[in-house]
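See the structures that follow.
Shared between the two complexes below is subunit A, which pairs with subunit B and subunit C, respectively.
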Partner chain A sequence: MTTARRRPYGVKGAPYAFLLPATILFALFFALPIGYAVYLSFRKVHVSGLGLGSGARKEVWAGLENYTDAVTDNELLDGALRVLGYGCIVVPVMLGLALLFALMLDSDKVRFAPFTRLAIFLPYAIPGVVAALMWGFLYLPDVSPFYYLLQKLHMPQPNLLDGGPLYLAMANIAVWGGTGFNMIVIYTSLQSIPAEVYEAAKLDGATPLQIALKIKIPMVAPSLVLTFFFSIIATLQVFNEPMTLKPLTNSLPLTWSPLMNVYADAFRKGDIYQAASEAVIIALATLVLSFGFLRAANRRQKQEATR
Partner chain B sequence: MSSLAVHKAPSAAGTTGATQSRPPLRSRIALVPTITLVLGAIYTLLPVAWVIIASTKSGRELFSTFTFLPGTGLADNIKQLNAYRDGVYWKWMGNSALYAGLGALLSTVVSSFSGYALATYRFRGRETMFNVLLAGVLMPPIILAIPQYLLLAKADLTDSYLSVMLPQILSPYGVYLARIYAAAAVPGDVVEAGRMDGASEWRIFTRVALPMMVPGLVTVFLFQFVAIWNNFLLPYIMLSDDEKFPITLGLYTLLEQGSNQPALYTLVITGAFLAVLPLIALFLVIQRFWSLDLLSGAVKS
Partner chain C sequence: MPNTKRTRLVASTIAVALGATALTACGSSDSDSKTESGPVSLTYWTWTPGMDKVVDLWNKGPGKKAQITVTVKKQASGDSLVTKILTAHKAKKAPDLVQAEYQALPTLVSNDALADISKDLGDTKSKFADGVWQQTTLGTDAVYAVPQDIGPMMFYYRQDLFKKYGLSVPTTWEQFAETARALKKKAPDKDLTTFSANDSGLFAGLAQQAGAKWWTTSGDKWKVGINDAATKKVADFWGGLVKEGAVDNQPMYTPAWNKAIDTGKQIAWVSAVWAPGTLTTAAPQTKGKWAMAPLPQWSAGDNVTGSWGGSSTAVTTDSAHTAAAAKFAAWLNTDGGALQALAKDSGIYPAATNAQTSGAFAQPPAYFSNQSDFYTEAAAIAKTTAPSAWGPNVNVAYTTFNDAFGTAAKNKSDFTAALNTMQDATVADLKKQGFEVSE
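What follows is the complex of A and B.
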């Protein structure tokens, strides 16, 4: 029993030792900043007199003041609504295309499958800033080939960087960037369906479309749920693309998305306390949404399992 | 003639589905899927193709010629880009390579430790630690970045390489992938056998488990490399000295300046083209052995 006596000691401590670097990094760069943000969200600067001289500006407790300000702040609310509208375009179109491409890749006798798969996945490797920059130029009437063609064909030339079309222009960048990744996730789970599952249906004379709708899509439902979930989170946190398009148009306010609003409050207005409360609200909204969604998805899966 | 071979196969098996005879082309290639995928590929390659062509144009050509015709200014554009602020562009590329390369390497090391521990040991607090780490994925980057900036400012570390590097070493998603991969690739009895032989836990990890985890760790590395290379928010908040900028931030500032002087457009476009080039090259090389399946958490055991 010597091994048994020696083992518990080394084994017991080992997992904690292996997790030590991650724990330290988590404490320093996740827990501490989050705690600090929460702390700041309850603070404010109190200015006495003209705010001149030392001691005139003091940090004091603010209670819920920052939060009530944030909730009643129209900029933040408008940003949330804009992002919601944008997300209503991005998520269905992106996941619809990803599912379509995955099903097509998974069907028999497809030509150029490796090439097209790689090409559609390629935008994943391209930074959002560069993607927005490339599309941004394609939206500019002066340099875009699309406008050139529209002009030659004497068709109306919509301004893609203003009003309603701006949402489409922005959504297109996200769809372009995200479809490939989601396609790979769905395609991977399609590949893991055993071939026998289709054989019977094929023998019964089911068409590829019927097989896709009745067998494949239900079987990849869990990965659809997963991609849906991550797409929503990514959409709510959009920042890079509108920031990059901003220099190309005047119709993008600095507070277009909630994250841009937080940035503007923190670094342009210099009100880190207000910004912290907004960041906390966004984080809470994300968490509530995430857990609510995952619970609903779990419940449905359980219901279907018991059915 | 491979097409002939492909043609023969379905007709030989065609007896099972002999309800109708199909036109030969349709039995050779599935037209709808092929066309759909080719259209998808055209859509994704379009902006890349445009940026490649546009980078060959001189400033005047950019605004005057049809944009899908190559111009004559590529060499000039690159020369201009090289000259811009004493070649700061290449500094940005180098910085990006440093942030992403070293950052992803450290991140993979930390992920491998954590993933291995979470997958192979049973200990108190395991699931709690894992769930708390995963919650990190859900945190909007800005709720982390702003207080990280303020805290690093207290330590006098902002506007430094470390300020961009340190916060990105721990990747919750990397830990998650490493855990899934370790659980599937490292059999429990192999670890146990190592213990029986009297090997230390560290030795078992480095000699036995780590080699088994390599394919999964390659994925973690590449995932994190792309994530850091593409990151914009964190360096945007942390840095003010453009000598330390990564390429994303550099191009952004170039575009911001270019907005009121279209002469800089060619510089931005050429910069975007050259920035995309290494990524495409990297992508083509790595996709051979990058197990994309793992990216979605699927592991073949």
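What follows is the complex of A and C.
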């Protein structure tokens, strides 16, 4: 009797017991800090008098002040626009190259496939800061071997650390570092396409190009969506590259990207409250953008399925 | 049974309470008499290289006698340490001793992170120049730190190249501009120096030399004078040179800058007493070819310099052993042996005046072996340092400087506009924090 009563209870409780560690960790290290950041974003410091000595500084309720400041601060919006411009270069070029490389590696004609795959993937293994430092070196006319060659060949030497070319220079670092990872994701899903599909296509007289365009690409569409999704998030959060290149040029302000703005407010100006509100806004924007994209992608897939 | 349990609980509660009272009594008597009994161990956050060796001297010598042991925890330098101290202080866990740059002291004091150690320092004040000491008091009766090193500014130039191009060492800023133009005429691909927007300390020092007072107080109000006449003069001067192309506009401390000063593409550098260390790593090939001279003056016959860099040792409010910590801070920065070791192992230029001419500074730095009176001259220049005026949001002003002057230098546009941006941002930040600001 007792065992009969306890068993269903145990089965019912088991999922919760299994969930518990993850839930506790999630609450402690994810939900709690986020909650604290949101709390901080509604606070500010208030100083009385000269602000020297003890008790001169108090944390007070700020209401929406930090948010209105963040929204009316042109730097945050300008930063978002700059990152948008940067993303418009990075995402298509990187994913285009990743898809191209994946398709090439997947074709029967490629030689040294394992080596090539590794060579394309390798830059992803290099930490972003190191990559940015290395490229920064190569972009500086006075120390770059490329500029030396251009000079010897009497070719024009563009200033890569200023104006429009700066976006290309920065995008180049991201593309160089990110293509390999995205290629692997797409390549893996290409590998999982059953061979019969290709066989049927070949019997129907499809050329390799047709197979690539009409079969392979539609069949890896879910991984393309996934890589696009990751790339959008990575682009919105760009920080390492501009931060590392910053000391090399006057053209990169400390507020170049939204995250740099947050960093400058929190750790250079010491205003964690303002920084928290900006972080919340960026997180919300990222959520809206990425989920918006996912929903749009899902809707299209469903439409295609019903067709 | 339950009765006994309860009795025991009550008994232990009373015991704990009694113990707590005893502890409190102990604590209060301690702070009253300011004498420490029993061994004390202190933690010290610093970025100075080789500080552990200097602290070893204390731990084996005077520290052992006084039963005060100091442990060094190596930190990143400058602003990031300020952030770290403030964060630790929020959790009431800041270390006993910290290294802090002079311009960071008001920020730390305004966050109530630094203890007033005026009562524990004895005659320490007499060991320092007034202008240096004043930075640790913030103009009050309190003392928040003991000065450690200073960075009086000087003019560094390539002796050989100055001769080659027939240039003479400028003694006024007017001559400095002429020298820059003369060099451009003789060698269009060379620059006298660069105006760099990536280190605000340099600009602040130049403004200080011109007599600027960026933060002042009157009553309960702060006054921000970043765009005062003196600073405007400095900004206009450099803005003009950048605009006409007489000096370069690229940032320093980049690989490109290193190469430029190493190969003679830039032949001078407005810097401070610590420049030999930087030049040793940045321009290793031109060792022995550089020379140091006093900073050019705004009017002939003047003899003033600014300061760029320099730091102090402070005791935090979280320390339970303020007196012991202050004792160590005073020893570290005034004791002959300690200063000797600081000069040798850490390569700092001491703030204590008698140490500047001590044995450690009898020989010039190896990089300047050609200038035998380097440190005699440096000590004389250090005496002419203009007073500085720091406020509670130097970090905001400095951050704004980087962006505003970076853009202005890039576009070769009006530096005064950049200066006004800096002033407005600094005032706006003070007001936002609730400081009273007088216009």
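Points worth noting:
By our rule, the second predicted complex is superposed on the first by the 281 of 307 C-alpha atoms of A that agree within 3 Å, B and C clash if a C-alpha of one lies under 4 Å from a C-alpha of the other, contacts with A are read in each partner's own complex, and residues count from 1 in each chain.
One rule holds in what follows: contacts are C-beta pairs under 8 Å (C-beta built on N, C-alpha and C of every residue); 3 or more make two chains touch, one makes a residue touch a chain.
In this text the structure is predicted, and so the values were computed from the model without any measurement.
Judged by the touch definition given at the top, the superposed model places A:Arg57 against subunit C, while subunit B stays out of reach. Looking at the shared chain after the overlay, A:Gln303 reaches neither subunit B nor subunit C. Looking at the shared chain after the overlay, A:Thr72 reaches neither subunit B nor subunit C. Judged by the touch definition given at the top, the superposed model places A:Val47 against subunit C, while subunit B stays out of reach.
Contacts of A:Ser251 after superposition on the shared chain: subunit C is touched, whereas subunit B is not. Once the two complexes are overlaid on the shared chain, A:Lys269 sits against subunit C while remaining clear of subunit B.
Among subunit B and subunit C, the chain that touches a larger number of residues in subunit A is B. Across the superposed pair, subunit B and subunit C both touch subunit A at residues 137, 142-143, 247-248, 267.
Of all residues in subunit B, those touching subunit A in their complex are 6, 10, 16-17, 19, 27-30, 32-34, 36-38, 40-41, 43-48, 50-51, 54, 62-63, 66-68, 109-111, 113-114, 116-118, 121, 123, 126, 129, 132-133, 135-136, 138-144, 146-148, 150-151, 166-167, 169-170, 175, 195-196, 198, 200-202, 205, 226, 229-230, 232-233, 236-237, 247-249, 251-252, 255-256, 258-259, 262, 265, 268-269, 272, 275-276, 279-280, 282-284, 287, 292-293, 295-296, 298. Residues 44-57, 69, 137, 140-143, 162, 247-255, 264, 267-271 of subunit A are the ones that touch subunit C when the two sit in their complex. Residue ranges on subunit A touching subunit B, taken from their complex, read 3, 7, 10-12, 14-19, 21-23, 25-26, 28-30, 32-34, 36-37, 40, 97, 100-101, 103-105, 107-113, 115-131, 133-138, 142-145, 148, 176, 179-181, 184-185, 188-189, 191-192, 202-203, 205, 208, 223, 226, 233, 236-237, 239-240, 243-244, 247-248, 259, 262-263, 266-267, 272, 275-276, 279-280, 282-283, 286-287, 290.
On the subunit C side of its complex with subunit A, the touching residues are 79-80, 82-83, 86, 106-107, 109-112, 138, 140, 142, 197-198, 217, 220-222, 249-251, 253-256, 259-260, 265, 317, 392-393, 395-396, 398-399, 402-403, 406-407, 409-410, 429, 432-436.
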